[in-house]
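Here come two complexes built around chain A, the first alongside chain B, the second alongside chain C.
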Partner chain A sequence: MSDKIPVTVLTGYLGAGKTTLLNRILSEPHGKKFAVVVNEFGEVGIDNDLVVGADEEVFEMNNGCICCTVRGDLIRIIDGLMKRKGQFDAIIVETTGLADPAPVAQTFFMDEDVSSKTRLDAVVTVVDAKWLTERLKDAPEAKNQVAFADVIILNKTDLVTAEELSAVEAQIRAINPYAKIHRTQRAGVDIAEVLGRNAFDLDRVLELEPAFLEESHHHHHDEDVQSVSFTIPGDVDPAKFMPWVNELVQQEGPNILRSKGILAFKGEPKRFVFQGVHMILDGDLTQDWKPGEKRQSKIVFIGRNLNREALNKAFLACAA
Partner chain B sequence: MSVAPSQSLTEHVVAVEAGAHVIGAGWLGSKAAFALADGQLLLTNGSEHARVAAHPGGGILVAVNADKTIVTGGDDGRVVATAADGTTRECGKEPGRWIDALAIGRDGAIAWSAGKVVRALDGKGQLRSFTAPTTAQGLAFMPKGYRLAVAHYNGVTLWFPNTDAKPDVLAWKGSHLSVTVSPDGQYAVTAMQENALHGWRLSDRKDMRMSGYPSKTRSLSWSHDGNWLATSGAEAAIVWPFDKQGPMGRAPRECGVRPVRVARVAFHPRALVLASAYEDGTILLIRLTDASELLVQDATGSPITALAWNDTGRSLAFGDEAGNGGLFTLPS
Partner chain C sequence: MRFGLFGRKEKRGENPALAAIKAWVRQIAGLPEETVIAANEIICADPSCPGTETIVLIMEPGQETRAIKISLAADEITRADVEVALAAEQSA
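This part shows the complex of A and B:
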């Protein structure tokens, strides 16, 4: 549907198993060629793929807004890679364990040259089943990585008991209930579950997340990074909703890590699907509501210090 | 609004099959040189072609040209100078890195950067190094003396490679992607990550901010008299006045307005005529004195990525993203 090169961002705290996953991706017989952006050479053994070193250089825009950061090295590398288009099928960006995923994700929305030639396929986060609980306490990066993820590889499950595994999964769900979780040992996951997810592709949000419009039953309030979701059992008025959501992300952008929504606009046969990173929103009308399907509107925010009651009230006020 | 070009010169173009994304173009005497993303250089006079494997197994990322040399930097970490006869000479090597920026100066001086490392090689073969505060994204030699302008995050550093003098920093917040210095050495201008140019009048270090572009500016070209700076990035070539006190408080000229963005600009080396090349492949010649336009190439659908006049200004070499090139010669 698009000739844009898909980009998978691979993140995860130090020692979680990122390099193991990357090695699996690169060594399995899938017939694809990758351009791999890594922090250090020598960690990955690659024969056929292009490997480029990254320096994780984050640029703040001149307005000083913390949301408007991009990764300068990625812009430069992708610009260079695009000159050799046709030599690879996809790009994988491995970030260091301490990297903030926000500037990475934002680069694919904010830099015009990058966004015109590539699309963010998914943010894949590898977490260590045994140590995630500790990291969530002492490492804000680890929490951000979970919050930003579209796919979570819950790795090293052989090192924990079944109870511990359930507990850590509940912690992940409390932060990010919408990521697809795979329980693995030695990052052993089907590559098709990691690559080509189109998790950022608005047309496929529902295909991949059929439960998106279903009510979530687990609410946790003990994390500073949390998710909140709200549903209107019918249509919303775009003339009310659009100004509200735009203003909300402008004001609360630093606190909102990720946002997603599927909305029924009054008089509109197609779904309106949006998603965003901090204050950057991207949305479009996608496929029709199916005949007999219940038209309803749902939004999700993952972030810090979100005022659930105020957000819910404001969203409900957008009902048509 | 502009009117359609009154005259077409398209029959004076000889097509050149470049075969890969054209990164840059230059002239080695009577031959045009096309630097290609597949690591090769194509040398041609329009009828005879030769290919030079300047970066075997790699790709060219940047190219600069002066006199009888075209210098290329690749993703193989090599800096290579190629002459008209196709002979190549490796000038520098940064193992495992990409060459991000290149500059060529008087007397055969060359500078390149890979990440934060900047190296300058003078005509006598003396190599000096400098570490920029962040990745050096743009380089330009000052026209007078042996001094290099280095564009990086939050400003430009002016470095004298042959002295131990402390580098001079021109600070301005934001990411500076490329730098150019006016022919009289009075102004340094950078293109930024944000859709704007920033400049400094070097005599009093006064800042200039030139904004309003709908996209990044990737191509900058000074007129032969140094009075004008043409820029890409808008639906017209934006041409700033640098005569008298500079562009402060003055509006730029907008030349060759079309519903497509300008991708490359190149001032004629001897006359106030600007070659303006667009993202749809169109190329116009625009005379600044009366804004008259001549069509060199009609839209092809592929963005022009390289544009270079020869020294006499008789011929213009151009190439695009899809690997098509051309040589245009002004009718006599």
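This part shows the complex of A and C:
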């Protein structure tokens, strides 16, 4: 494991319970010190020596191209925090309820200084069990935050019936079937389930998602943001797949929030794993396919208005 | 945008060209240590973006972030290019 400082991004719509979770993380006796970047000082104070305030400054490096959009405030704050290296073990970035997680995540891939000193650990989204359904109708930010999450804290479960809770969880699953969901009251979750997830570490994709290569259930829904997954029951040809996925994220990147894939390349004993944020992709050969294990190739996109049939046809054409 | 596409960033190491550009910007513009300077080479395949360019963000405390853009790869940029870009940004 590298000595880069892990950064957890804490998102959630207004009033969902971000600050409650943050205070829980800070107050539990885990022996770790956190630097906390907050964008809104809520009614609940945050008791920590290393709280840094920030004004969310989304900066378009290029001509409005979504992939080149970063959070200037994070670059600035992380630069400052690194001068205090040794005083904390990890960084938690709390966003405003209206923040888009993508520029936050992209900052960790785009900026040389930030990516050389820190690593994005996971995007954790807190949602309100009672109000999420309404927010998904009227707040695109809430939808993006669910779509983007690696971990979802489904909070305030005491305010809804069991049936309502199942319904809201199904809505979350329709948008993002791969995030780990924790049902909580007052954001009561084991901190180990929130921090140290290594969700952006290619070597951990399988570990985190043992069900990734299993057949997923098809979720019926009418959300414009949804996940689509496609499987080839065997090898793919990298000479076909690489140009295709490059062109796909180049053209459809603004609509693709997150992407992941585990692929069996013809003649390659190791799995090829990739993950991406909008148009930024990161991939590498990781673990070997185990002896006797079925070699198969699966890709997943979470995004807006994705053409399931066209994507499936194009991916199937990459078969070896 | 193809930055880091299927190439893990850790393997690339630090780019000395970017460090030099940041030092030139600080020196030429007379910026104090408190000003954070971020320099990145962007290779964007989006049709609305100009391909390879190097973007320097200048973050002065209490002020909005400014950016200078040079349409060259980082290792092609000279001190003279930085002078021209800074002058253009200041006159804009």
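Operating definition for what follows: the second predicted complex is superposed on the first by the 308 of 320 C-alpha atoms of A that agree within 3 Å, B and C clash if a C-alpha of one lies under 4 Å from a C-alpha of the other, contacts with A are read in each partner's own complex, and residues count from 1 in each chain.
One rule holds for everything that comes next: a residue touches a chain if its C-beta (ideal position, glycine included) is under 8 Å from a C-beta of that chain, and two chains touch if they have at least 3 such contacts.
The shown structure was predicted, so the numbers you read here are calculated from the model rather than taken from an experiment.
Asks: Specify the outcome, clash or fit, for chain B and chain C once both structures are aligned onto chain A.
Replies: Result for chain B and chain C: clash.
Asks: Of the two partner chains, chain B (first) and chain C (second), which one does A:Leu98 touch, if any: first, second, both, or neither?
Replies: So A:Leu98 meets neither chain B nor chain C here.
Asks: Is A:Gly72 touching anything from chain B or chain C once the two structures are fitted on A? First, second, both or neither.
Replies: both
Asks: Identify the partner contact of A:Arg84: answer first if only chain B is touched, second if only chain C is, both if each is, neither if none is.
Replies: In the superposition, A:Arg84 touches chain B alone.
Asks: Considering only the touch criterion stated at the top, classify A:Phe274 as touching first (chain B), second (chain C), both, or neither.
Replies: Second partner only, chain C.
Asks: Between chain B and chain C, which makes contact with more of the residues in chain A?
Replies: Partner with more touched residues of chain A: C.
Asks: Answer with first, second, both or neither: which of chain B and chain C does A:Asp55 touch in the superposed model?
Replies: It touches chain B, and chain C stays clear.
Asks: In the superposed arrangement, does A:Phe109 touch chain B (first), chain C (second), both or neither?
Replies: A:Phe109 sits against chain C, while chain B stays out of touch.
Asks: Considering only touches as defined above, state whether A:Leu316 meets chain B (first), chain C (second), both or neither.
Replies: Touch partners of A:Leu316: none, neither chain B nor chain C.
Asks: Please write out, lowest number first, the residues of chain A touched by both chain B and chain C across the two complexes.
Replies: Residues common to the chain A contacts of chain C and of chain B are 57, 59, 61-62, 64, 72, 75-76, 80, 111-113, listed in rising order.
Asks: Could you please specify the touching residues of chain A with respect to chain C in the complex?
Replies: Residues of chain A touching chain C: 2, 57, 59, 61-65, 67-68, 72, 75-76, 79-80, 109-113, 115-116, 202, 242, 246, 250, 253, 274, 278-284.
Asks: Give every residue of chain C touching chain A within the complex, in rising order.
Replies: Listed in rising order, the residues are 1-6, 8-10, 14-15, 18, 36, 38-40, 42, 44-46, 48-50, 53, 55, 57, 59, 64-65, 67.
Asks: Provide the residue numbers of chain B that touch chain A in the complex, in ascending order.
Replies: 21, 23, 37-38, 59, 61, 75, 96-98, 100, 115, 134-135, 137, 153, 173-175, 192-194, 215-216
Asks: Any idea which chain A residues touch chain B in the complex?
Replies: Listed in rising order, the residues are 41, 52-53, 55, 57, 59-62, 64, 70, 72-73, 75-77, 80, 83-85, 111-113.
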